[in-house]
Amino acid sequence: MPDGALPVLDVKNLKTVFRTRAGDIHAVNSVSFDLKPGELLGVVGESGSGKSVTMMSLLGLLPMPPAEIVEGQVMLGGRDLLKSGAEELRAVRGREVGFVFQDPMTSLNPVFTVGFQIKEPLRKHMGMSRSRARARAIELLQLVGIPDAERRLKDYPHQFSGGMRQRVMIAIALACDPKVLIADEPTTALDVTIQAQILELVKELRQKLGMAIIWITHDLGVIAGIADRVMVMYGGQVVEQGPVREIFRNPAHPYTRALLKTVPKLHGARDEKLRVIEGQPPMLAAHPTACPFRARCTHAFTRCAQENPARRPIGNGHDVACHWDHHEATP
Amino acid sequence: MTAAPDMTAALPPESARDTPTNPATQRRKLVEVKNLKLYFPIFGGLLRRQVGDVKAVDDVSFDIYEGETLGIVGESGCGKSTCGRAVLRLYELTEGSVVIDGQDIATLSPEKLRLKRPSMQMVFQDPQASLNPRMTVASIIGEPLDEHTNWPRTKKLERIYELMDAVGLNRDYANRYPHAFSGGQRQRIGIARALALNPRFIVCDEPIAALDVSIQAQVVNLLEELQDQFGLTYMFISHDLSMVRHIADRVAVMYLGKLVELAPVSALYANPLHPYTEALLSAVPEPDPFAETRKERVVLKGDVPSPSNPPKGCNFCTRCPKVMEICREVEPAFREYAPGHFAACHLLEETGTAALNGGMRPEHNQTRIQQGEDA
Amino acid sequence: MTDTPAPETAAAAFRPPRNHWWDVWDQFKTHKGALVGMIVFVAIVLFCFLGPWLWIHDATYINIRERNQGFSWTHPLGTDQLGRDMLARMMKGGQVSLAVGMAAMVLSVLLGTLIGVVAGYFRRIDGLMMRMTDLFLALPLLPLLLVMSMLFRQRLSSMFGVELGMFILIVTAIGVTSWMQTARIVRGDVLALKEREYVLAARSIGTPPRRVISRHVLPNVLSPVMVSATLMIATAIITESALSFLGLGFPPDFPTWGRLVSDGIDYLQQYPSRAILPGLFISLTVLSVNYVGDGLRDALDPRIRGR
Amino acid sequence: MKQNIALMGAAAAVALIPFSAMAERGSSGHLNIIYWQAPSILNPYLSGGTKDVDASSLILEPLARFNEEGVMVPWLAESIPTVENGGVAEDLMSITWVLREGLLWSDGTELTASDAVFSAEYCMHPEGGCAQRRFFNDVASVEAVDDRTIRVNFEVPMPVPYGPFVTGYSPIIQAAQFADCLGPRAPECTEANFYPIGTGPFVVDDFRPNDVISLVANENYREPDRPYFATVTFKGGGDAASAGRAVMETGEMDYAWNLQLAPDVIATMARGGRGEPVAAFGTLVERIEINLTDPSPDLPADIRSTREAPHPILTDIRVREALSRAIDRDLLVEIGFGQMGLPTCNLVPAPPAFASDANDDCLVQDQDRARELLDEAGWEVGADGIRVKDGVRLVLDYQTSTNAVRQDFQALIQQWWREIGVEANLRNINASVFFGGDPGSPDTFQRFSADVEMYANNFPGTDPEQYLGAYLCGREPRPATQWQGENIPRFCDPEYDALHQQLSQTASIEERARIGRELNDILMQNYVLLPLVHRGRVSAIASTLGGTLLNTWDVELWNIADWHRTE
Amino acid sequence: MFNYTLRRLLLAIPTLLFISLVIFLLLELSPGDPLSDMPLSIPPEVRQEMRIALGLGEAWYIRFYKWLYLFTIVEPSHVIAGFTGLDIAIEGQRILSWQTRSPVSDIIIQRMPQTLWVVGLAYLFGVLLAVPIGVYSAYRQYSWFDQTGSFISMVGFSLPTFFTGPLLILIFAVWLGWFPIIYDTTLNVTNWETFWKQVRQMAMPVFVLTLFNAAQISRYMRASMLDNMTQDYVRTARAKGMTERIVVLVHVLRNSLIPVVTVIALGIPTVFTGAIITEQIFRVNGLGQLLITAIYASDIPMVLTLSVVFAILIVLFNLIADLLYAILDPRIRYD
């Protein structure tokens, strides 16, 4: 990982609010992060933690209304995407940033052939001719490991299995050689053996193509195996961020620590009882003025209810948003 | 209609039911499944004649001992959920018998089956879909009571509150509708409903698949507590191998409608006999970057074949990294290779059972497994 | 699904427990058209059913000396060619039209729901039921009405009186020839619902089919049924008036809006209000009911309700 | 209801503008006629519908017609045969017609007496289902004496022998064209039925059943300068109101038939200025017939409404008279017909010689007298204003066919009766059922499953003998006759029967008129039927159309050869 | 697919047989008499003779069998012969209308042009109008366009044609004099002048029916668009950087059209059954008017034949709708 290189993507202080009839929902609260070239950033969090909304916000993919980006800055290739017009954003989507979504069943348009859907961005962004787009599509399908690519271009999404469909989605996302690939829980809907296939594929593609990847997941195992850096989100905020080994070896936020412990292990001794994070994730009905995790936190103290902790670096490229100093508690 | 005879009318004091689940003592088979087959017919042709079957569950046999948890694992479409539903005869069986507590429910008349239902219950996968959005929590939990008792309202309500306490739901929520709850709470409602009639046997059909990681642990712990408290027997269906390892006493692995391996949990995880089990275990990503980078995975090629047209011979032969000629021709038998450790694989038959006895293989959790054709 | 926060759950937990119909009502209120439609519809219903208590005039009383009058205080909407008070006739006609609309709707929705549920829930008779639906789709309404009127009119009129007898006949005819759409929608929904886990859950409890249907299936097909019900009211009112226009509906001396329009058509030049007023009322009713249906559809759709 | 043949004529409203003698065939161009009922066939022998007969009269012609005043005029015949001129045999057993000279069919062949013989054979064929069979009643044979002479022989003496080949209802068809269409094969000759060859002023160019007929002038028409119109479009369908509009307001059409519309509607249309309405009267009378037998549904089906069960209330003549006196006929006319109707108290309102004036006191509404009569009959006013006698309420079922004017009448009469303490339950029945004559249906006017019923009827030609014969004993519908029959009130009076017998043997016109009036008076004074309105017919004629003479005694378009454009 | 089609076609035969039997029996039971139009002065004996001449003397099942034979064998042979000029017409008895005494199929074919022109064109216009309106309404849900569009379509749906028809006649024909009241079915379009005449005489009925059709179909279109607008693949298309025009008009529209096209196909039989009231009001003497006059005149052979033809069309278009669904939606294959 080329440390110190200029980030391809730099997000600062992003805030996204959903205006609903029942009141505002502060889905993303002052999220800042960057993505270095060729890096794979894993984003972990439970549903409702704001991880997908953050990524959707970057390129204006949220339905507006009800969503509204209140403030922030998203720098990509030297310009602020939040200040870009619709046409500019469109030129970025698919061209510079590719997306892979969770459910390959519904994310592909059922009535168009796979070939059509791969060729679409090629023709729009790259201005390719029909035949060149076709050749590139075949190439892409081969790249993502779909056998008999030429013939399968004419097939419809429903003729592919789940794993194959996700490969097609990846092919589409990679069509225009984007600098950044955002994968939103791309393996959650897949079986473990298929997930293993996709993970292998992504590793391979990274080596070959070298794009930067943001990988959203709730599965710590997946992150552990693939990511360079991890960002943990909770309640619409980044609570902890750092290199993957650092996070797993030395988790600083009580939430990360608890999360790591709730997952039963496949090897080693069986726990009599699983460790549990009691309670429910918070409602994001108001702009947070306190730590969103305090209600479930075993270490919470008065300050946690008074002040929303800011992210502070704790060394090794590792930072955490917590008032509690984990070093005090750990021997 | 009164409560079925094997049920206590109300909950006994907790201590009385608090029996240990450790199966070291004399164990009784509560559920015996023999040669269970469940085919869904496929119709085709001009006259809509039956042209084939989807063999969702194909000749599966296993037992579940009283008080234990049998885990069923497998990928989607392997027939594990169908198997669970068939065991409770939510589908009409094509063949085979399911004896629960001495009664073959495959042959019971509808009315008798109805009377038997209180003793066997189910917890469903999708806590959103398994609760009727137009009923309150109280009426959802109370539905089994409405069907099987003629208790007065107050008694039912009392029982509903008891159940809500038992699963950790605030009594104040009784009049809310399911959509007002989070996934974990909904699953608690589903569990409370399953417990309402004091069942002895509960099929848990992927009860945690739709939940967040932090909530999964809560629900699994709850299930375990309830098992201890009421001496329940579980059939725990899941695709999450690590969670199954945590909760189950014995584990059965299914592939394409058939059992490929069945063993006590420690034996299975430490010493998987079937190549599929091996592959499955190796595919599970571990939340440990150090282990992950060292480990080399068995990555299976391709997809699961269609259950309407399974391959000839061994079901797994199309993807097996250790496939042999015989696998494509002959279906392997499901045999016991070590005490309580069953598997169906030609490889085992060839290499002999002795070599594969438990504990003979060293350090399985970090074994470098030869990759198949995929390398 | 992404982890976009589910606002429904999020918002709901703060609110006190309440019937989900309140949510429906809350959403319904936000649909301006539906709200106005509802108010108009209620106003029309009140006009027709409470109006006669305030405006005590016999709709069939002939005052030949005051015929063909324009708007005045004694006859706010004028009189017809026999000097019958138009206001009273509009009320009476509205009662009949609305009653026909409602009753035909109820009948057609009941039939449609019943057949849809049975066909959807019980696989074995599905084919038969759907063939029957095809059959009814192909049945010609007009000859059917003639036949029904001949076979049953006398019996019905001797049992219920001429007007009620004819009412039953027309309602039956409209109901019997218009349930198919509802049945198809309901069947589709039931097929999907049947696979829902809560239906399976009920079966695992040992709930017999009839209670599974009444407790779990019916309440959940309610929203498409309600929407098609509101549309049915509109269609039934129009069908009745078309039948009246073709001379196959109620007896001509029996005022319905449709009849008033078709009687008034001849006088369109002399007394345009006589056709336009009832026409306006038909349109207003249909329009308002349609808007209510639209609002209901939105309000009953949880995806929209959340927004 | 739909034909009008008599002697009384209303003055034609169209002034006869002297038409230039230089006019020649086809000089007036195109004529548009609209009928709101569409013709379905052009063979009057296969359809009794006025629309069909009217349309076919443009093509097919009879030997003689009635003119607009009800006077018989020779048409294809040279003259009208009478006893005086020897055309009718002294014993009244035969009549001899002589054809004009040089008559040609539109295909250029010659019309001969054998065509007439064939026409009679065609209609009299027992399996042909001829709609105009009644014109050939009692005909023994028709023979061709020579090419131009036709003799019709009767089985009984016929004081009025002008049935066959008189009026547009009974024209002569071409033997050559219809030769293969006798009897059961009649309906199969679609080509002939749609495109008949005739002697009339026009020839069918295109016929679309129930829609439109295009006609062109007949090249072989006997009068060299006629018809003045070269082409005719005869459009059918729609409703009377828009037909009237098309003539009087938009001027799209030249002639609209039978505007059954409220008087003020017609008046408004006339203000459109492009045409005007014209009225004429025949013998059509709207009446209420009274059931003298008991229609109670409690009775067995074969007794109900038959003479075996006399009506419990209406057999009392005082009640019947009271019902009649309660009615204001002037107002009915004003509401329902305007210039198309006249109040009447006679079953036979025309021709003038047959019209009685003995019953005219009923023209004035007299509710007091009506109440008195009911009091006399023992009907006491009950608590709700309805009269009661021996615990029976004075309630009558009042049925008629479905028709806007009839329902207005029902409502009005219901109210008048209520004012004298009689309650009427109204009922109306689809016309095709009411007049359908289906013996299985309880709702036909013959079956009479009600106490009183209202409809209109008239008689063909100008002699009412047959018409009055309807009220003879034994003519009532009953199970034995499959509920067919014309004596709707089930009236039976030997004195009446004897008088009718006398009429059928009388040949003198004056004497026949006297007996006819007497028969009419018997019926009227027994109040077995209550005449309401003598109905006329209104047609709309464009102001540029000349030569029309509205005729209610024969087909309406009888003189279309004379029609012409006036500007 | 082929199998499915064939199976459905085979299944349609007993269905249609049953439907025609039901319709036949219905008409058999129905009151009314073909002779009710005759003057009352026609004596009963003559009426009876006429009735027998119409073939009413035989038992119902014999008449049904005869009708069925004529309907399935003889009449089609004449129709085909008429169109192709082949000499395959079977001589002899045909289904004769009681009113006109002519073969019903001739009249039905004669009525086709005006029905297709007026009702068909109105349907076509309705569809052409409805699709863009529905698309735009859904895309801008709750915008003023959507609101007014909804309002107008609902008004169009709620105004009975027997009310709008005369109103239009009064305004545009009587007061303004723009259009004729009476539809001339004999008009042949040969030049601009006659074409203009045809346009003018079609204007009002086509307008009334278009309004009605467009109202209905645009509602479906809007609902279907709304359903698809929230689908995941729409987000994918946007994420690919597609323009809104392509997202809506290619991705969403194509999916939304699937249910709408079947609705449109299901509606086509109504083109043939005609718009009874509209045809009557404007004197477009098409199939609808034919049916209603036949009913009024108790012309049973005509009513029966027309009803069964309509039933066939309904069953056929049901099948076509299903097949279209399969063709348009690659996920569905009926085999």
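Just a few scattered comments:
Letters A, B, C, D and E mark the chains as written, and numbering starts fresh at 1 in each.
The working rule: contacts are C-beta pairs under 8 Å (C-beta built on N, C-alpha and C of every residue); 3 or more make two chains touch, one makes a residue touch a chain.
Worth saying up front: this structure is predicted, and the values here are computed from it rather than measured.
Between B-C and C-E, more C-beta contact pairs join the chains of C-E. With centres computed as the average of Cα coordinates, no chain lies farther from chain B than D.
Chain geometry summary: the mean Cα position of chain A and that of chain B are 32 Å apart.
Remark: chain B and chain D have CA centroids separated by 89 Å (rounded to whole angstrom).
Per-chain CA centroids place chain B at a distance of 56 Å from chain E. Counting only residues that touch two or more partner chains, chain B has 182. Among the residues of chain E, those in touch with two or more other chains are 31-32, 166, 174, 230. Residues of chain D in contact with at least two other chains: 241, 430, 433, 441, 443. Interface of chain C with chain E (complex): residues 33, 131, 134-135, 137-140, 142-144, 146-147, 149-151, 234, 238, 241-242, 245-246, 258, 261-262, 265, 268-269, 275-276, 279, 282-283, 285-287, 290-291, 294, 303. Residues 241, 261-262, 264-265, 268-269, 297, 331, 335, 402-404, 407-408, 410-412, 415, 425-428, 430, 433, 441-443, 449 of chain D touch chain C in their complex.
If you check the complex, the residues on chain B that touch chain C are 85, 88, 90, 113-115, 117-118, 120-122, 124-126, 129-135, 143-144, 147-148, 172-173, 175-177, 179-182, 190, 193, 197.
Here chain C touches chain B in the complex through residues 8-9, 12-13, 15, 17, 19-20, 196-198, 200-208, 211, 215-216, 219-220, 222, 302, going by the rule given at the top.
Those residues of chain C that touch chain D in the complex are listed here as 60-62, 64, 67-68, 81-82, 146, 149-150, 154, 157-158, 162, 247-248, 251-253, 263, 265-267, 269-270.
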